[in-house]
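Each chain gets a letter, A, B, C and D, in the order it is written, and its residues are counted from 1.
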Amino acid sequence: MAMYSFKNDYSEGAHPRILEALSEYNFIQSDGYGEDRFSDKAAQFIKQAAQNEAVSVYFVSGGTQANLICLASLMKPYQAVIAAETAHINVHEAGAIEATGHKICCVPSEDGKLTPAGIQSICDLHTDEHMVQPKVVFISNASEMGTVYSLAELKALRLVCDQNDLYLYMDGARLGVALAIEESDVTLKDITDLVDVFYIGGTKNGALIGEAIVFCNPDLNHNFRFYMKQHGGLLAKGRVLGVQFETLFQDGLYFELATHSNRMAQQISESMKSLGVPFLTNSPTNQIFPILPNTVIEKLLKKYAFYVWSKFDETHSAVRLVTSWSAGQAVINEFIKDFSEIYSQS
Amino acid sequence: MAMYSFKNDYSEGAHPRILEALSEYNFIQSDGYGEDRFSDKAAQFIKQAAQNEAVSVYFVSGGTQANLICLASLMKPYQAVIAAETAHINVHEAGAIEATGHKICCVPSEDGKLTPAGIQSICDLHTDEHMVQPKVVFISNASEMGTVYSLAELKALRLVCDQNDLYLYMDGARLGVALAIEESDVTLKDITDLVDVFYIGGTKNGALIGEAIVFCNPDLNHNFRFYMKQHGGLLAKGRVLGVQFETLFQDGLYFELATHSNRMAQQISESMKSLGVPFLTNSPTNQIFPILPNTVIEKLLKKYAFYVWSKFDETHSAVRLVTSWSAGQAVINEFIKDFSEIYSQS
Amino acid sequence: MAMYSFKNDYSEGAHPRILEALSEYNFIQSDGYGEDRFSDKAAQFIKQAAQNEAVSVYFVSGGTQANLICLASLMKPYQAVIAAETAHINVHEAGAIEATGHKICCVPSEDGKLTPAGIQSICDLHTDEHMVQPKVVFISNASEMGTVYSLAELKALRLVCDQNDLYLYMDGARLGVALAIEESDVTLKDITDLVDVFYIGGTKNGALIGEAIVFCNPDLNHNFRFYMKQHGGLLAKGRVLGVQFETLFQDGLYFELATHSNRMAQQISESMKSLGVPFLTNSPTNQIFPILPNTVIEKLLKKYAFYVWSKFDETHSAVRLVTSWSAGQAVINEFIKDFSEIYSQS
Amino acid sequence: MAMYSFKNDYSEGAHPRILEALSEYNFIQSDGYGEDRFSDKAAQFIKQAAQNEAVSVYFVSGGTQANLICLASLMKPYQAVIAAETAHINVHEAGAIEATGHKICCVPSEDGKLTPAGIQSICDLHTDEHMVQPKVVFISNASEMGTVYSLAELKALRLVCDQNDLYLYMDGARLGVALAIEESDVTLKDITDLVDVFYIGGTKNGALIGEAIVFCNPDLNHNFRFYMKQHGGLLAKGRVLGVQFETLFQDGLYFELATHSNRMAQQISESMKSLGVPFLTNSPTNQIFPILPNTVIEKLLKKYAFYVWSKFDETHSAVRLVTSWSAGQAVINEFIKDFSEIYSQS
């Protein structure tokens, strides 16, 4: 693959400091299955970053696993989760949630986000035991469309959840970039105050693998390790996850990497906007969806790898460009230059 | 933890060559979800080690995950898996198999191994649609009790499976040490010839994380990646698994590490036997189960960490000692010396 | 309940001839779990009615049970069923399908029916192992909105299924009334020629309880009784179902009852249409959905029981009126008269 | 089938009074899904029979269904049920419990009964999240081997459940005969005092179909109807179950039928014992397991149908004879006479 890939933010390995830490601690013996000092340390750093000592932290290897284990632990067999039609759990997890026995009640969404009205409409429809009982609201932040929830939006979601006796769950596969946007008014502490359970994505923000599940509602994590074990989510060498999150959270590396990812995407975004390119969504994060002439896309694909996301009209398509923690300024500059040339000729 | 731990073979990180490889390839971009060049290379090396180009290889993060995904893919909803009562899937996976909807039909076993007679007895009992239909035989090699199947035993299991239309599945969390025992008459090729599906454990033999699932029966892996995805087993950075298994299998490191693990345990074993210590099972691998006076155990636990496995009689218990690829000769020598002193005083 | 109920078609017991047959055969001993002579006889009569000796027939106690058992038997764990958003399995079975591990891919529908285009759109979206794989198309005939598929429509559905390697499954809870409509061009034989599996509803057409599952595709019913047993669908006294379907199908009683149900509803429907009442759907069967002024509904509810189905506008709602095999001409006449009076005063 | 069958207690239809009641109420309209006056009445009669107004009663169509729905409602996904190896849920329900995701932890049992020691041994083994967590104790009364629990035994089971935070569930498919044995010291009230949930079997004691689930522990039936619906257990014509249990419990018919069933079996039993025939278990109920010479069995099978249960030695087998509410004294007399002749010639 000589060409540079904007296909996703997990095309490379890990931030070098993570690899160094893995080497440094390599021969220190530790207990298995997450009961090691590194995982303890990592949990402690996450609590500090969230300014919230009351949360509980667990580490698993991937996002689909985090979602299926958490949601399975939050619902009784007849309960269901409300999600945007675009939600990862609805579209891209091969039926993982249904495989644990639960229905996903979908709400149409243009920008990947859920609204209180959408949630309420599902609740209003489900009135008796002939239907499932909605119990969890699933949101992704940043969403699958690159968009981000504001503090006011999160508070409104919390309110509608409280009014309907629902739990609020946040898929934070890309939580880093959501918190790191320039105009952000949401902190990690806010998240722990407003949602019941969420996870902090490591895989897409500089880790080799790993996601940190955070229970904010202390009534909900009882026997959670049973759920982890039952779904193959307890790694024998849990230390591998612990060391990584310790590194990411001990001095802010996690947020630095996310800030960089966003900045690289936004440079591309701004450059395109200055050329008049429209976008599918208004994304301030590291995933952007410009709508381009198919002829431009064809030429770009000769030098860069990325996904063509959806057909826009007969001659245009939306593409998805994702920048990562490791994207160098040079390659971004080059892409911007290449794009300008190709686009201006189109 | 100043004391040395014989609790398991996953107390340390990874073999240094694995960490080096992860660093070396770190910034090479690759596609996600196992469709990377490292995973391809690793699969190729495994095929070479097995002298069998026809097998299919998939990588997942852990053993319970490997078991639950593979078994889920091998059975229809009304089918069941036959296993020894001591089997990991029956005892130590928090009901992971049942959570996918399947019953485990247990056969009593002293040494952790299944016999053709045990399998046949289960088949004979299950005669109609009021009962589950046995479909898969699950064996662990090495077993949870440290024991190993001989070639003749594996052939006999294959035969009883063929006679009863059953698939043969091998949990190879500790396959390395099983193949690496001095008196072994079984090769990786034999395994691919005799079982339908198995996995090669990385986590317990020098990898950071990871198990390589090998489908030998070409009729069975159709759409297997759907099963992986649905259970959270497709890692976005599948490359992490690929790089590790590439390292382990490109020049025999996997077998070297296993040989070392066995040798260390057998040195302890032989030393104990020379002192007249009896054992729970006849284990040639890196897990040994000496039966010791409780007073001896108490003294040993002051300097070494290990699990007390089971009560033997009022004054004796079996303990489990596990050696790993990283156990140095010095610490083994020291343990042997310490043990001799303590035991001779008892 | 002095008032007459149009709430559904299962408000009464069974057609008297069914009760007579149950009494007549009461003391004849028979084997359990569907292996009795009555079930055999009933299956034979159904084959004759379908002019198709090649089908296989099984009896269960209810419709949700029929749906969940059949669909569970038709799909691998990663496969999904395509259905109209209004489908009973999507709305009114408390997540029964998801509880067996499968996703329902929904298609918007105004009239309760699926179209080839709707099915194709779902297939086109599902392209790889990150998504579920659509495998079964679920249709209800008559639909939950009272509508019926024509022969041409069924053939078109069969074609799109064949083109996409999908099974076609028909929920026939109200199959009787669908086949019995005046303008019907579909026979039971057509159904067996065009769908893979369907069931013939007894509960809603004169039986005490019971549905007859019919496998038309001979590749699909292998070990089906295991699925029945596993989900509690094999009745010890399977004879109870056998006797009823024997009675319903030995000389056409099933179709007579359905014809009557339809006629009663259509009399109401025609009367209302003559008064200018609009309808939610164009239903030729025993379920009709007139849109009425709320003031009229209020007055009607004093004498008749029925469900208010959905809000139409600020002053109108759609109601659901269901007539059954046991609805007498007198009560229908009375209702029509009452309605005319109330409506003309509104 | 000219020969008389002792294969089971569900070979005939229903007690005539049940058929009469179904006819009598046939045209009274009622609401669906168990919300009818007959079901209410039946529940009221059951509460009276139990002298316990605080219990909650639900009706389903069969025993496997009752077991799988109740147990699914009592356990979290990682929890398991303790049962005798001979338990119906373990042997004869095609993996129905595992299909809801739960493991059955088996205790060996000769007579079909569980003991406190057996339960405690399972609890002692399950210590952490690598294993399932036992949560429910399943007992059958009468057991699958015809045996019955005494009041003292039930109290001891309750105690061990309380000590281990377990629910006690009783499968009462044959509860009638258990309570109706001559030497019984257990009442229906005792059952409601001692177990958390149980069901009263109708199918095997004179009903056409139907079992009455009784929740004694008021903390456990919250939203139980969702579980019923999800598993296909809510019958549209719930009235069919209501009318039957109303008839069985309004004036003691249920106990009369059970008493008769027992008496018929015990006449056979006593006659055989007087001839020196040994039995597999000491059954005071309507299921008996005499051990007979194979030659005798062969001759008996020419005139009577019954199951050969298990091989005893080279020349003897245990058979199962089951008498029902409808077994006439004449046929029992004839069987006893036939048996005596055949046995004395052997």
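Here is the rule we use: contacts are C-beta pairs under 8 Å (C-beta built on N, C-alpha and C of every residue); 3 or more make two chains touch, one makes a residue touch a chain.
All of these numbers come straight from a predicted model, not from anything done at the bench.
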{"item": "Partner chains that chain C and chain D have in common", "value": "A, B"}
{"item": "Selected pair, out of B-C, C-D or A-C, that shares over half of its residue contact pairs with B-D", "value": "A-C"}
{"item": "Interface composition of copies chain A and chain B: same or different, split at half", "value": "same"}
{"item": "Identity of the chain that, by mean CA position, is farthest from chain C", "value": "B"}
{"item": "Distance between the centres, which are taken as Cα means, of chain D and chain A, whole angstrom", "value": "51"}
{"item": "Rounded Å distance, chain A centre to chain B centre (Cα mean)", "value": "34"}
{"item": "Inter-centroid spacing, chain C versus chain A (mean Cα positions, whole Å)", "value": "43"}
{"item": "Touching two or more other chains - residues of chain A", "value": "77-78, 93-95, 99, 101, 129-130, 132, 226, 229-230, 234"}
{"item": "In the complex with chain A, residue positions of chain D that touch it", "value": "33, 72-73, 76-78, 100-101, 129-130, 133, 223, 225-230, 234"}
{"item": "Complex contacts: residues of chain A adjacent to chain C", "value": "77-78, 80, 91-95, 98-99, 101-104, 106, 129-132"}
{"item": "Complex contacts: residues of chain C adjacent to chain D", "value": "1, 4-5, 7-8, 10-14, 16, 19, 22-23, 25-32, 60-69, 93-96, 99, 203-204, 208-209, 226, 229-237, 239-240, 326"}
